[in-house]
Amino acid sequence: MPESSSNSTSVLTALKQAWPAVLVLILLALVPTISQVIDNPFIIRLFTRVVIFAIVAVALNFVLGFGALVSMMHAGLFGIGAYVVAIFAFHEYDSSPLWLIPGTANLAVTIPLAIIVTAFAAALTGAVSLRTSGAYFIMITLAFNQMLYYFFVALQKYGGDDGLQILASLEFAGVNISRRVTFYYIALCVLAVTLVLFSRLINSRFGVILQATAQNERRVIALGISPLRYKLAAFVISGAVTGLAGALWATGQQFVSPSDLSWIRSADFVVMAVLGGMARVWGPVLGAVVIVLLEALLPNYTQFWQLPFGVIVILIVVYLQGGLADLFGRARQPGGGGH
Amino acid sequence: MGAPLLEVKTLQKRFAGIVATNDLSLDVKAGETHALIGPNGAGKTTLIAQLQGELTPDGGTILFNGRDITREPAHRRAHLGIARSFQITSVFPQFTVLANVALAVQAQQGHGFRFFRAACDDPSLTRPAREAIDQIGLSDRAHVYAEDLSHGERRQLELAMALAMKPALLLLDEPMAGMGRQDGQRMTRILEGLKKNYAILLVEHDMDAVFALADRLTVLVAGRAIATGLPDAIRSDPAVKAAYLGHGS
Amino acid sequence: MSVSLFIEQLLNGVQFGVMLFLISAGLTLVFGIMNLINLAHGSLYMMGAFLAAAFVKITGNYLAALALALALTALIGYVMEKLVLQRFYHRSHLDQVLVTFGLILVFNDIVRLIWGVVPVQFRLPEPFSGSVQLIADVQYPTFRLVILAVGLLVALGLYVIVVHTRIGMWIRAGASNRPMASALGVDVGLVFSAVFAAGSALAGLAGLMAGSISSVQVGMGEPVLILALVVTVIGGIGSIRGAFIAALLIGVVDTFGRVLLPPALGSMVIFMLMAIILAWRPKGLFPVNA
Amino acid sequence: MRRNKGLAAIAALAGGFGVLSQGAVAQQGPIKIGYVTTTSGPEGVIGRDMVDGFKLAMKHGGGKSAGREIQVIWGDDQVKPDVGRQVVDKMIESDRVHIVSGIIFSNILLASVKPVLDAGAFYVSANAGPSPLAGKQCHPHFFGVAFQNDNNFEGLGQHVREKGFKKVYFLAPNYPAGKDMAAGFKRYYKGDMAAEVFTSFGQLDYSAEIAQLRAAKPDAVVIFYPGGMGINFVKQYAQAGMMSQIPLFTGAGTVDQTTLPAIGDAAIGMFTGALWSEFLDNPANKKFVADFEADYGRIPSGFASASYDTGRAIQAALDAIGGKIEDKAAFQKAMENVKFDAVRGNFRFNKNHFPVQDYYLVQIEKDAKGRNVAGFRGTILKDLQDAYGGDCNMAAAK
């Protein structure tokens, strides 16, 4: 067993472990073609939702599955990203400055801004929340989520409860990306990059510390590592990617509202991650696909669709302890394997 | 043997009215193996936890290399060279042996904010980790997940992790706890090998191991050090006999 | 705000707090003792209200209906524990959250299948349906005084049981050290089932109390569940005393926040309170395992 | 083996798309109406009346127009704007519906209406009528059959003023329709307001608000609390002994057949404004109420009546153009001039495609069978139209 496997073999092993992820990405890439063949453009819209939620679920799972931090404020962070894009577009359309900053519909400006603002919010709230752990962490993040929710409800200028329609035409440095297929592929690329990013992070020194802290925080401290800043950094990274997803969401929907920040949405993200499988970086993608599709398909059969949905959730938790990803074989924590 | 590496002066710790550490003073010299014995509930683990920094004493001072570390947080002390192995096995169950030890190496190196390179492919981590694993005799189990190890192997892993931190002082809390006779003897041999290179504060119930390893002994009863001295002197100390055997441990 | 209005609002706050305590008591017991997060607690609350309404309609006798509803809610809780939740004591909190989330969906649709979507009527018995003059200017709904009294009685009862009786000792033993308790001859499985059933009955009691002042409808458990979780966490998980004090605190703060602050801030105030308290005391006001 | 299971799961997912593509190919097939409303959750009680009212309208129309089948596709928005938007997207793009209707809540409508109009389809509202769509954002393909939100409280404002109340305390949930209702009330009431209080949406307990309002000593209280909020408020108001002290009024949509069964006798004697009553004396209404009770075993609510009228209006407009929904200009014209027997009596579309209709006063009482019903007490306003039509430039909106 050679210790320092060369780069090419490690890519191979990575591929061997991640083939289901690659398969899912390829299938997702085929969606526009399928939609054309069966002449149903709505499928692209539905899967745009799948892909954007998958980005959040993957980002959430970085702190949830690998850091044991059950955040109930990712919908709030998602909403911040979305509102940044929408608010700047609003000021562009209104041609009124936001304080002194002029509005803009250029996503090359607003998307990075959305990421920065969200990361900043995650850093502030994370610094307070990470003082707690376990169920207390769940609840304090829920509290922050509710505060963000009511904050945007209170913003009457930006529609309050009504939400904010994006009327300016969004573009990315002069390029129109609002065509449905283009936008879908952009979102899919972001998902792919997100997966690669988090796979690398998980196996890095940083990721190993994060996972070790989740398993045995006391021991990590005894080894000479103060876990707090690693947890905070992980929370900020996760938040930043979630903000990016929010910005994409606003771009795709052309509409944001406080209900995008509801705590139920936060819970949905957690469900996607857990149901998909937290032990793998790509597990939550499966969760996002299944949840979004079930929610879209089940109501076509019965108005009591929550009953089968609930039963499916219960059965998966009872029988597939590692989530849907376990259908592809049982997983160990990826960072833990020196091969 | 040289100047004290670790010096504990009049240490005090109370839990809800119970005195766990009572005006305790002791020292560990560089290169010395100092054993701490005493009946259950004498406050041995509490003392180790205060030395490592997990608990903060109510009074007294702890000097390490002449520096006052009484109020230093645990992770800082680890960097100064104090490594602890836990009485109840405390490893990362979902990591392999190698990954467990590599993490200890990484902690010692201190570069935690590296985001992209895979840690398990990094020879600057795996090489020292390998060494510690070899030293402790777990080489052929390096790629086994810690949760799949036997109890004895996990105790060994625990020790390998402490070693990987390149410590000046090892705080070993019952390294042989729960081990069978054979495993215990193997561990004793491993510790004999380590003894030359490290200062060790050893808490242990296995008296054969204690007398085989210790240069000096301190007897702890109800949080108080009732005797300190060379093994032979302790063995024949009547106060020790009374207090210690009287508790029937 | 005049003195009498202040007193009335304070009474409102305390009454709301006592109500919250009734809901949270079962949650914090199950959470603290079995280490189980039961989101379906809100569903038991809903079941209590629906069953009581149904039994009042069938029997026409309030006391009989209340007793039947409580017993049946306890039974539902018992069955739920035996069938599903028992497997989850040793699973992660997250799995518990997920499975009980699934149970909420199932409960809601079952209630919808049985009772339909229209909110159900739950009429108060005549002597309690009016209001009484407390002091000059303060006329107070009689039934809210009943809630106040019941809540305080339950709080006292729980305190006595948990702290001063043999059952309470078993419960505390089972919570702190399961194997030890079994070794001492306590049937931990039985104790847990009993605690779960009792917690369910408490949720049901809260539900039928609330059902007589607000609407009995599908989904009534969810907003209440959030508040109960807030109370549990602020008080310190597993602490009856903490839950009681936190419930009163939330009740009073929420009541005054609503009337004194602008609406958006008023809705936020208890969450701000929770964030501040947890930032200050990360394990709640009365941590159980300090 | 594990892998096969995984592949099977993916295959199953892929199979799911088949459902979505149903009816993707349809050129001269049926006329399709997408009816999106809230059928799950606590607000499902309103959605149920909406759906049943529309079903009855379709049944009375024979399910056909000029021999061409009318197909209704049902959807649930779960009271979430983004879900409503998604369901509407599906109906437009996947089911290719010609007309969308049914949304209850204004914020969901505002989030969902754009894709309908952008696709060239029609939106015919059976309930929500937010002010922007009646004014600046009016659209040739948007019709509001039910009301403009403010209407619900305008007539009540008139009534409260005529009854000589001078100091009114107003409460509503803190969301857009709440503000619309307050605006509508004040527009016709014109007098002094003791206070306007906006509480959080979905609030359960109103004891604090009731204590505040008692201390303010108004001479009348007016509330807008749809669904469960209305049940809670009215029950608690009665329990606090307030019914006999300060009269309680509401406009349309708070105390009706969706909430009366749960409020019980607490509501007896209450006056409320209404755009329809089950006792309105016209043949269409008698048939509607009788058939609704026969089919569904309960008294319809105002929600059901507006939904029924919406269905009847669409039917009439379709019949007028021989079912040729593809001719959009013709359908728009047919809607604008639609003639049908509205169960609410007087009805026609204004220039902004919102109704001109009468406003009634009803009072909660017991009927012969001991059920709580809204007894008809007279007409408050005739030919009520909304205040935003002046902002609407339909020609420019095209």
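Letters A, B, C and D name the chains as they come in the text, with residue numbers starting at 1 for each one.
By definition in this document, a contact is a pair of C-beta atoms (placed from the backbone, for glycine too) under 8 Å apart; a residue touches a chain by one contact, two chains touch by 3 or more.
Bear in mind the structure is a predicted one, so any value in this text is a computation, not a measurement.
The most distant chain from chain B, with centres taken as the mean of CA atoms, is D.
Looking at A-D and A-B side by side, the one with more C-beta contacts is A-B. The chain occupying the central position, as judged from C-alpha centroids, is A. Here the spacing of chain B and chain C, counted between their Cα centres, is 47 Å. Rounded to whole angstrom units, the spacing between the C-alpha centres of chain B and chain D is 73.
The centroid of the Cα atoms in chain A and the matching centroid in chain D are 36 Å apart. In terms of their C-alpha centroids, the spacing between chain A and chain B amounts to 43 Å.
Annotation for chain D: residues touching 2 or more other chains are 39, 174. Annotation for chain C: residues touching 2 or more other chains are 112, 264, 267.
Not a single residue position of chain B touches two or more of the other chains. Contact annotation for chain pairs lists A-B, A-C, A-D, C-D, with touch applied as defined.
Residues 2-3, 5-6, 9-10, 13-14, 16-17, 19-21, 24-25, 39-40, 74-76, 80-83, 85-86, 89-90, 92-94, 106-107, 110-111, 114, 130, 174-176, 201 of chain D are the ones touching chain A in the complex.
Of all residues in chain A, those touching chain D in their complex are 20, 23-24, 27, 34, 38-43, 45-46, 49, 153, 160-163, 165, 253-255, 257, 259-260, 262, 289-290, 293, 295-297, 299-300, 303, 305-306, 324, 327-329. On chain B, the positions that touch chain A within their shared complex are 52, 54, 73-79, 83-84, 86, 90-96, 98-99, 102-104, 106-108, 110-123, 125-127, 130, 142-143, 145, 161, 165.
On the chain A side of its complex with chain B, the touching residues are 1, 3-5, 10, 200-201, 203-209, 211-212, 215-216, 218-226, 230, 233, 332-333, 335-339.
The touching residues of chain A, counted against chain C in their complex, run 64, 70, 128, 131-136, 138-140, 142-144, 146-147, 150-151, 153-154, 263, 267, 270-271, 274-275, 278, 304, 306-307, 309-314, 317-318, 321.
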